[in-house]
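Across the two complexes that follow, chain A remains constant while its partner is chain B and subsequently chain C.
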Partner chain A sequence: MLIFTLRRLNLFIFTMLALTLLSFSLSFLFPGDSIINISGAINATPSQLIEIQKAYQTDDNIFWQYIAYLKHIIQGELGISMASQSEISTEILNLLPATIELSLVALFIAMFFGIPLGFIAAIKHNKPADNIILSVSMVGYSIPVFWLGLLAILIFSINLGWLPSAGQISLLFEIKLITGIQFIDILLSDSPYKWQAFSDATLHIILPACVIAVAPATIFIRLARTSMIEVLGTNYIRAASAKGLTFQQIIFRHAIRNSLIKIIRHVGLQFANLVTIAMVTEVIFSWPGIGRWLIESIYQRDYTAIQSGLLVLSCFIFIVHILTDFIYAALNPLARGSKYGS
Partner chain B sequence: MNNIRLVFIFFLSLISLLGCNDESIVSLSEHSVIYCAEGSPETFNPQLITSGTTIDATSNQLYDRLITYQGKENTLTPAIAKSWHITHDGKNITFYLRKDVPFHHTDYFTPSRFLNADDVIFSFNRILNIEHPFHLVSGGSYPFFQNINLGELVEKIEKINNYTIRFHLSHADSSFLANLATDFSVILSAEYADQLTKKNSKANIDTHPIGTGPFKLKEYRVGSFIRFYRHEQYWREPAKIEQLVFDITPSNTGRLTKLLAKECDVTAYPIAHRKIEQHNSLTLEAVTALNVGYLGFNVKKPPFDNKLVRQAISYAINKKVLLEMVYQGKAELANSILPNTSWAFDDSIPEQEYNPILAKNLLEVAGLSQGFTMDLWAMPVQRPYNPNAITMAKLIQADLNAIGIEVNIVSYEWSTFLNRLKLGEHQSFLLGWSADNPDPDNFFSPMLSCSATHTGSNTTFWCNQAYDDIIQQALQTTNTSLRKKYYAQAMNILAQELPLIPIAHSKRYQARDNRVVGNILAAFGGISFYHVTKSTSLKKNIKTKTDNSGNSTNIGNN
Partner chain C sequence: MARDKIYLEEIFPSPFMQLWQIFRKTPVAMLGFSCFIFLITLAIFGPILAPYSPIEGQLDMLLLPPAWHLDGNVSHLLGTDELGRDMLSRLMYGTSLTFGLSFIVVIISLVIGVLIGSISALTSGLKSSILNHSLDVILSIPSLLLAIIIVAILGPGISNTVWAVVMVLIPQFIHITRYAVKEESRKDYVLASRLDGASPFRVLHYSIFPNIVDRIMSQATLAQSAAILDIATLGFLGLGAQIPLPEWGATLANGLDLFYIAPWTVYLPGLAILFAVVATNLVGEGIRHALKLRKER
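So, the complex of A and B:
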């Protein structure tokens, strides 16, 4: 396990280096002065600019400039936003939790519905139920998320009026920002309307989370189906059934556990996909997360924000990836021996 | 298995939680109103700007003025000043202040005294006195007051005692009081300013506002929302709602969605009017704004130096079609340059009829029976008073073609267009005027007086001594009924002479949930939520068809 951990850490460090190198080179590739792109100080006075240049060591060669950039990042200094002139690190810290919250809920929904459906399809392999589940998942996978989001708003918010269409919580509730994750903040707050706020926030998250969950859920269906079919074909299942276990016993005691392990490996990969979908969905549902912020920064040509936003977001996805790898390794002793990080 | 069971229990409890709290949600939303605003305010001090979005968010919510307008006629009524007195020469105006006006008590400021003369003097000296310590905070630009030349008009402001102040003017100006009552002339706290000076954070006076208005600022998140709380010690009766939230939603469809999904109680500038009207629980309101879109003539150039030709054209244009096509019915037909929301509006002015036959006869009398060719300049930009001048020009072209006049439509880039108009290169033109304050003089002097032909704001180049005398007389008196008479005379001259043909006064729209009761919109200036209440039960709205075009709009200002 130690070697496994070291390998993952190694992989993490090198990937992070590559990512910072990319975001560092972006400041040269974007139009305009690279020092302003990297610091975001568009309104700096000449004396301030000299100070910034010193901090980023622009007089030295490119290698030392990169080292200076890395130092800034390690200290959490991501520059200031060109559009709002506020610290990017604080903006990200305020927004990223909202995205994490939304993505986690969506992931949970996707797994909650996708995996059991996949298992059912596998158990009813080549029967009508299998075909129906597969075709539905195909349709779900093919629907573009921006269209699905608008359709969901039209049906559930406007026509039926069941669920709200925008934001994290009704603006009537005054919840102090503590962790940034709305549900935790509500529970920590001392508002007399705490529980209404909680249910209001729940209503707000249902629609965007479900929209995000559709595509990953269909992938979980296929993954669960394939892995279940594979497990059901193995010798130990055949042995179990030869021992006289009922079908239910076989499925619940042996098949599900073993096929789940294979699915968990893919959760990390799916999470990256899910965050991409979440970014688009955040725009549609006015969710105050990092995806919407990043897309707005692109519109406003806020290069500093784009650069740092990409770095933080990819770093976050990578951490999730590694975490799922750890969970996988903890659940499956066989994986710990594998030599290469994947 | 246990895990799955736990998850199910969690879900069930969550769902039951959603179910049982409906009643108490009502209690919070009953006392709160969410307004979907079209943009973020630039500042929280209306002295510094002229933009409508900022005025909406600040003026009537956070501040009070010395005097204010009231009623349909927009008559001046006391506010912070309980009364005022004007000397006979009209040069000295004394205000007697109320003694019971408290400032906002917020997280960042605790007032120790009530409003007094120092606060009023501070608020105006900040604008007038270039050396005032707060003059240059936030840029030193006070566009409204610079436009009306308040600096030249006011010689000094004198403190008679703690609750009495006197303005010394350089000359009499009856629009002075009107300007003091606009949304821009708010009263700030001098005590707060002192405190900020000590803390060396003067700029906060415009970002963390302290006023005397019915609401106080609680929280502002740029581009996201503004949260106001009720000012409990408000000198009038406190507002009926406890919380007011401006949900900043720049997207038109976003505001419509939020309105339909009940996430907003009131929304600014709604689109899809039909959709809103079809909804039982929503009301669409409109108020005619103080502006006018018109077709003007260059009376220095033939054939428009002839009054008969101008009259002929006014008969030949079908204004109703223009209203339907260009304004999509979102405007009111203009019979004079004054909209009917102005107190000086005169009901007796007849509606200009559409009569091409009469127009042809008039042309014959003028000796132009075989028709002629003219240039019509159409402005290239969209303005509230004319959303699409090119389309309007094309419709006018068709109308005039019917009486034998050939029209060439001319358009330039906006600044070139205005500059060339000032030089008088045009024959006729489509333009408009938006008023800054409800004083009728704001329409008469800048648009059509002789002196305005020199400054370039009167591009008809029409100069009529009788008209000028009348509007001058109107300015020298403060007697409203007398002024109204003068302006009626002036409008009569305009109806006879027709230097321009008024076409439309556009409307400002707003949509709201029927549970929200009380006036919000005004004909000019910003919205106000002071009178708003929210009823718990949803009353079915009985709609009244107002006209044959099927538009059912409740005018907000009745």
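So, the complex of A and C:
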């Protein structure tokens, strides 16, 4: 496990360096002056500009400039937004939890529906049920997410009027920002209308989370189906049925546990996919998350915000990636061995 | 009596032909394939076949619903949008933009990716390890996010979108080619041709490529469906094709304001995207299914 941890740590540091290098080079690739791109100070007076230049060591060669940039990042200084002139780090800290909340809920919905359906498809392998589930998953995988979001709004918000179509919570409720994750904040607040607010927030999250969950759910169906088929073909399942276990016992005691492990391995990779879908969905549902903020800063040509937004979002995705790797290794002793390319 | 064949000749079809023979027998895959061919034809000849101009509107024909609707007009089969532009013509022109461009994008990135991938498979040691790690980093960033960033650098526009999606897809092709070439080089027939004194490039060209072309094609269909969705999503977000262009995603975003009055301006382009992606995925599924069957033989 120690060697595994060291390997992961090595990969983590390497990736973080690569990502910071990418976002550092972005400041040169974007149009305009690199020092203004990196700090976001478009209205700086000449004397302030000299100070900023000193802080980022622009007189030194490119290597020391990069080191200076790294120092700023480690201290949590991501510069100020070109559009709003406020600190990007505080903006991101306010917005990122909303995205985390939405994507986690979507991930759970996707796993909750996707994995059992995949298992059913595998158990009924090559029967009508399997074919129906597979064709539905193919369509779900192919639907453009923005279109699905619009249709969902049209049907469930406009025509049926069941669910709200925009925002995180109704504006009537005043919830203080503590953790940024709406549900925890509501529970922490001492408002008399706590439970109304809670149910309102739940209603708001259902539609966007379900829209995001469709594509990952279909991928989970496929993953669950392949891993279950694989597990059902192994010798230990055959041994178990030879011993006289009923089919249900085999499935619930042996097959599900072993095939779940194989799925967990892919959750990290799917999460990256899910966050991208969440970015587009946030735009449609006006969800106050980092994806919408990032796309809006592209409209406004806010290069400092794009640069830091990319850095934070990809760090977040990568951290989740590493975390699922650890969970997988903790659950499955076979994965801890050294493997090529890991 | 004339006999065409004197000797009973055994024919070994190439791996690609074997694949095609299995593929041909799967009806669903063939359905997807014919839809795919239809879309390609439409992408090439759409601008000639389209009845109206996709950009110029007719001001007396605003927001006409599709022909099957009570208020519809059969001269505009799929209705018109808020500027009186014929939806059918816009969708036909859009085929060459969304589907045609995504096809070109996949071919460009396939060629570049396969070249780099096969060269990198021949190298080993530090260079290969650095490449491996960099690929891991790039592949861990979602493709759409990367495309959005590249468009942010280059600026919005359809040509920049194309380059962004090309750059996003290249690493996937490098990865799959590299892996496939490495796996194939360990096999005995490659060793045999190497013992015959074939140079690495000869081995690549005559021994390895015919055997991995199916896997690359399967990846190409995945890339194509991703490319269609990426181009359309960028168009929808206003970062891809700009206003008058009838790209499917942009057309859909254009209809957004009138969504409740004229829902067909939104659901028709969406259906077009769905149709293109499903056709592509069916072909991909067919190839993967055929690959699996061939392996089991």
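Throughout what follows, the second predicted complex is superposed on the first by the 338 of 342 C-alpha atoms of A that agree within 3 Å, B and C clash if a C-alpha of one lies under 4 Å from a C-alpha of the other, contacts with A are read in each partner's own complex, and residues count from 1 in each chain.
One rule holds for everything that comes next: contacts are C-beta pairs under 8 Å (C-beta built on N, C-alpha and C of every residue); 3 or more make two chains touch, one makes a residue touch a chain.
What you see is a predicted model, and the numbers here were worked out from it, not measured in a lab.
Aligning the two structures on chain A places chain B and chain C side by side, free of any clash. If you stand at the C-alpha centre of chain A, chain B and chain C are 90 degrees apart, rounded to the nearest 10. Touch criterion not met for A:Leu6: it reaches neither chain B nor chain C.
In the superposed model, A:Ser84 makes contact with chain B only, not with chain C. Residue contacts after overlaying the shared chain place A:Leu188 against neither chain B nor chain C.
Chain A has more of its residues touched by C than by the other of chain B and chain C. In the superposition on chain A, contact of A:Ile158 is made with both chain B and chain C.
With both structures placed on the common chain, the touch criterion links A:Val283 to chain C but leaves chain B unconnected.
Of the two partner chains placed around the shared chain by superposition, neither chain B nor chain C is touched by A:Ile319. Touch criterion met: A:Ser199 reaches chain B, while chain C stays clear of it. Aligning both complexes on chain A leaves chain B and chain C separated at their closest CA atoms by 5 Å.
For the contact definition in use here, the residues of chain A common to its chain B contact set and its chain C contact set are 158. Contact residues on chain A toward chain B in their complex (touch as defined above): 84, 112, 153, 157-158, 161, 164-167, 170-174, 193, 195-196, 198-200, 202-203, 252, 286, 288.
Chain B meets chain A in the complex at residues 1, 7, 14, 17-18, 21, 24-25, 28-29, 32, 34, 218-219, 222, 224-225, 227, 243, 245, 247, 249, 254, 257-258, 260-263.
Residue ranges on chain A touching chain C, taken from their complex, read 11, 14-15, 18-19, 26, 29-31, 138-139, 141-147, 150-151, 154, 158, 269, 272-273, 275-276, 279-280, 283, 294-295, 298-299, 303, 306, 310, 313-314, 317-318, 321, 341.
Chain C meets chain A in the complex at residues 132-134, 136-137, 140-145, 148-149, 151-153, 155, 225, 229, 232-233, 236-239, 249, 252, 256, 259-260, 263, 266-267, 269-270, 273-274, 277-278, 281-282, 285.
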